[in-house]
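As written, the chains take the letters A, B, C and D, and residue 1 is the first residue of each chain.
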Amino acid sequence: MQFMKRPEPQEGELTTDRIEAFSDGVFAIAITLLILEIRLPHSEASHESLAASLWALWPSYFAYIFSFVMIGIYWVNHHYIFKIYRKTDHGFNLLNVFFLMCISFLPFPTAVLGSHLLDVDEQRTVVAFYVFGLFLPAFSWFLTWIYACFNYRLIDLRLSPKFVRYLTRKYGLSTVIYTFALILALIQPVLGLAIAVGLTFLYLLPSKKPVYVELQED
Amino acid sequence: MQFMKRPEPQEGELTTDRIEAFSDGVFAIAITLLILEIRLPHSEASHESLAASLWALWPSYFAYIFSFVMIGIYWVNHHYIFKIYRKTDHGFNLLNVFFLMCISFLPFPTAVLGSHLLDVDEQRTVVAFYVFGLFLPAFSWFLTWIYACFNYRLIDLRLSPKFVRYLTRKYGLSTVIYTFALILALIQPVLGLAIAVGLTFLYLLPSKKPVYVELQED
Amino acid sequence: MQFMKRPEPQEGELTTDRIEAFSDGVFAIAITLLILEIRLPHSEASHESLAASLWALWPSYFAYIFSFVMIGIYWVNHHYIFKIYRKTDHGFNLLNVFFLMCISFLPFPTAVLGSHLLDVDEQRTVVAFYVFGLFLPAFSWFLTWIYACFNYRLIDLRLSPKFVRYLTRKYGLSTVIYTFALILALIQPVLGLAIAVGLTFLYLLPSKKPVYVELQED
Amino acid sequence: MQFMKRPEPQEGELTTDRIEAFSDGVFAIAITLLILEIRLPHSEASHESLAASLWALWPSYFAYIFSFVMIGIYWVNHHYIFKIYRKTDHGFNLLNVFFLMCISFLPFPTAVLGSHLLDVDEQRTVVAFYVFGLFLPAFSWFLTWIYACFNYRLIDLRLSPKFVRYLTRKYGLSTVIYTFALILALIQPVLGLAIAVGLTFLYLLPSKKPVYVELQED
């Protein structure tokens, strides 16, 4: 990706260094905590062999891998987006805390998915709750973007309006699709999960390079 | 916010870089650990549906969100305050460790609030313990400030005395209000919690810009 | 070790700073989480003395120490290897996320080894699962290296082809030996574990200095 | 404290930046994980009020506070000592991993102390195990120092031999006293714990400034 060098912040503007370092910390911790949610059932309770118990944890492994990839993708996107921000402000800092809260929440639906996916009666609830866990960061991410790009409040002034609209459509569409997957999950759990997973894998493709326009000096 | 550039530390003075990086680490970890305190009751023990169980966890969600916001606010304030410190010393480092100890303690009252808020007999204890958990960082924060600003021990010498008094009043008043909320919680739990929560939300407003006076060169 | 100064990244190339900081975070967290997997059995359940319980946890101590050393070694190697990379790209970032996923997974097989090693019936499963947990990072590490060194895609152009082949052989051989130890563990658990442990201890030796050739200026 | 500026590392020498950042990460995580070891007993199992349960956890609060202070002190000392190192090497890196392993282990004896201190029959075991947990970092710290200062292998060449001997005596004496407290704990638990706690509090005093001698230019 080719980014233009970030403009120097004006006097009195807040730079984004601190918020990036703190966010990176939360990403790294949330992603590593996921493993704590995989737990062997107590050996006294179960009469199966250990191999069978380890095998029966496959929904937990799936949930671990998928949530790990999710958080990894958001980490990459967080870095991508901060390269085209020129500053931050108080409102954005609060929205970013809200976004991090949604990211940090993910280990819980991941644990629920891992421990109850095989319970046929509860599949609908389990999948819908997990897809809701995926929807939350997508939604809060969209909010931060809308806040930042509105009237070029925080983003690089040299970004082309067309590129800004492209990102708005992209992030808005993701939120819409996760909402749709959430509703679908209440009816057809497997299909809802498949759509949410598929959408996430699309994000593994490299992001589009930002497009800049040259600004006239004032 | 407009901050003046921090003065260069004198020879032999301790700079604040390391203490800031370590504190940031503790903030990021404490905030992310909060999610580990939300746990689904064992499915064998309960006869309710998963949806009902997830719903019954709402005090845990509330506690998660509120404690997340609390720690986030302290993180923002920690950065704010370190911009107007000119150095640190051994006593301050110890007080900062005490403050971080209070921040790291928060996940425990949060877990207690989440797991026992709906137990009517224990509501008084639960809420008082949680408000105590909110009081501790406010109190230790006030201590670090008093230590730092006394005779301009550690703070920027260019800060106006009026602004220093303003911060002292602000932090002192917070401690008093949390103490009051703590006592109230023992009598009227809901009211005590409401005051503590309300006070915290006041901190979501942007902090006042520091006011400097020009110093005469010696 | 003597490394040449890394070449300045070309315009539009991704530098490795961010990926290194994030990986360091994951390493530090995964290594510290290991202790959470050591747990005292509930005192009501057991009738032994506390001293006996603490003693009976020796497989957990062994697993803790060995996994700690493992992650420590990978951390050292991660730093070593990044000193001879000149840039990163999207594919490598994804492979690195996969590698970190394998590192973060290690606490789980460690917990299984610690809690079930003394269960004679399950020794085969336990050891094989743990050796599989050691195989995963070795395998994903090998993948990242193959990707990075193929046609000098990401590595320092000044590295001698002989040295690149040496590293390829070294990492490939490790993967092969872990695979062999994994198969052996299914037949002779103790022997399989011994080989995996022995191989790891070889990595405690200092790594070979990189060998550079001088490049002609274009 | 007044430190001389660290000498520039010679070509081919390993600098200490990376090892410091990684160690800081481990310190921050280990110190924050301590709170996870405080857990409320399941409400079904106990018939006491919540207030009584919270009160009965006082050994856990004591263990939390004391271990927090301990790790905080080691973090401060780690920074202090790295200011008088001029480089690191492979052997030191391994010893530092061993030291971090001992620091990361502390949450486990802390949990044991918290959960079993009030069990009169087990007091001897509990206290001895905890003091052993305090002995380990002191011992491994001493090892790293001996390795680093032997023949001025890694330390600043300008340090006065007298000051180096002072630190050797200080760290050696600490190890000896923790060993003594450990043995005493097996006979008189309360006394052994008191000595270990008292020794730790001595470390709250500011460390002595390093003493340098001017070196002749070669």
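In this section, a residue touches a chain if its C-beta (ideal position, glycine included) is under 8 Å from a C-beta of that chain, and two chains touch if they have at least 3 such contacts.
Every value quoted in this text rests on a predicted model; they were computed, and no experiment measured them.
**Q** Common contacts of chain B and chain C?
**A** A, D
**Q** Determine whether chain A and chain C, two copies of the same sequence, contact each other through the same residue numbers or different ones, counting it as same when over half of the numbers at the interface appear on both sides.
**A** Different: when the shared numbers are divided by all numbers used, the fraction is under half.
**Q** Of all chains present, which has the mean Cα position farthest from that of chain C?
**A** Ranked by distance of C-alpha centres from chain C, the top chain is B.
**Q** Which angle of rotation, from 0 to 180°, maps the CA atoms of chain A onto the equivalent atoms of chain B, to the nearest 5?
**A** So the angle, rounded to a multiple of 5, is 90 degrees.
**Q** In angstrom, rounded to a whole number, how far apart do the mean CA points of chain C and chain D lie?
**A** Centre-to-centre distance between chain C and chain D: 27 Å.
**Q** Roughly how far is chain A from chain D, going centre to centre by Cα mean, in whole Å?
**A** From the centre of chain A to the centre of chain D is 38 Å.
**Q** Would you give the residues of chain D that are in contact with at least 2 other chains, written as numbers and ranges?
**A** 25, 29, 33, 36
**Q** Between which chains does touch occur?
**A** A-B, A-C, B-D, C-D
**Q** Provide the residue numbers of chain B that touch chain D in the complex, in ascending order.
**A** 11-12, 14, 18, 21-22, 25-26, 29-30, 33, 36, 90, 93-94, 97, 100-101, 104-105, 107-108, 111-112, 115-116, 119, 121-122, 125-126, 129
**Q** In the complex, go through chain D and note every residue touching chain B.
**A** Residue list for chain D touching chain B: 1-2, 24-25, 27-29, 31-36, 38, 40, 43, 49-51, 54, 64-65, 68-69, 72, 75-76, 79, 204, 206.
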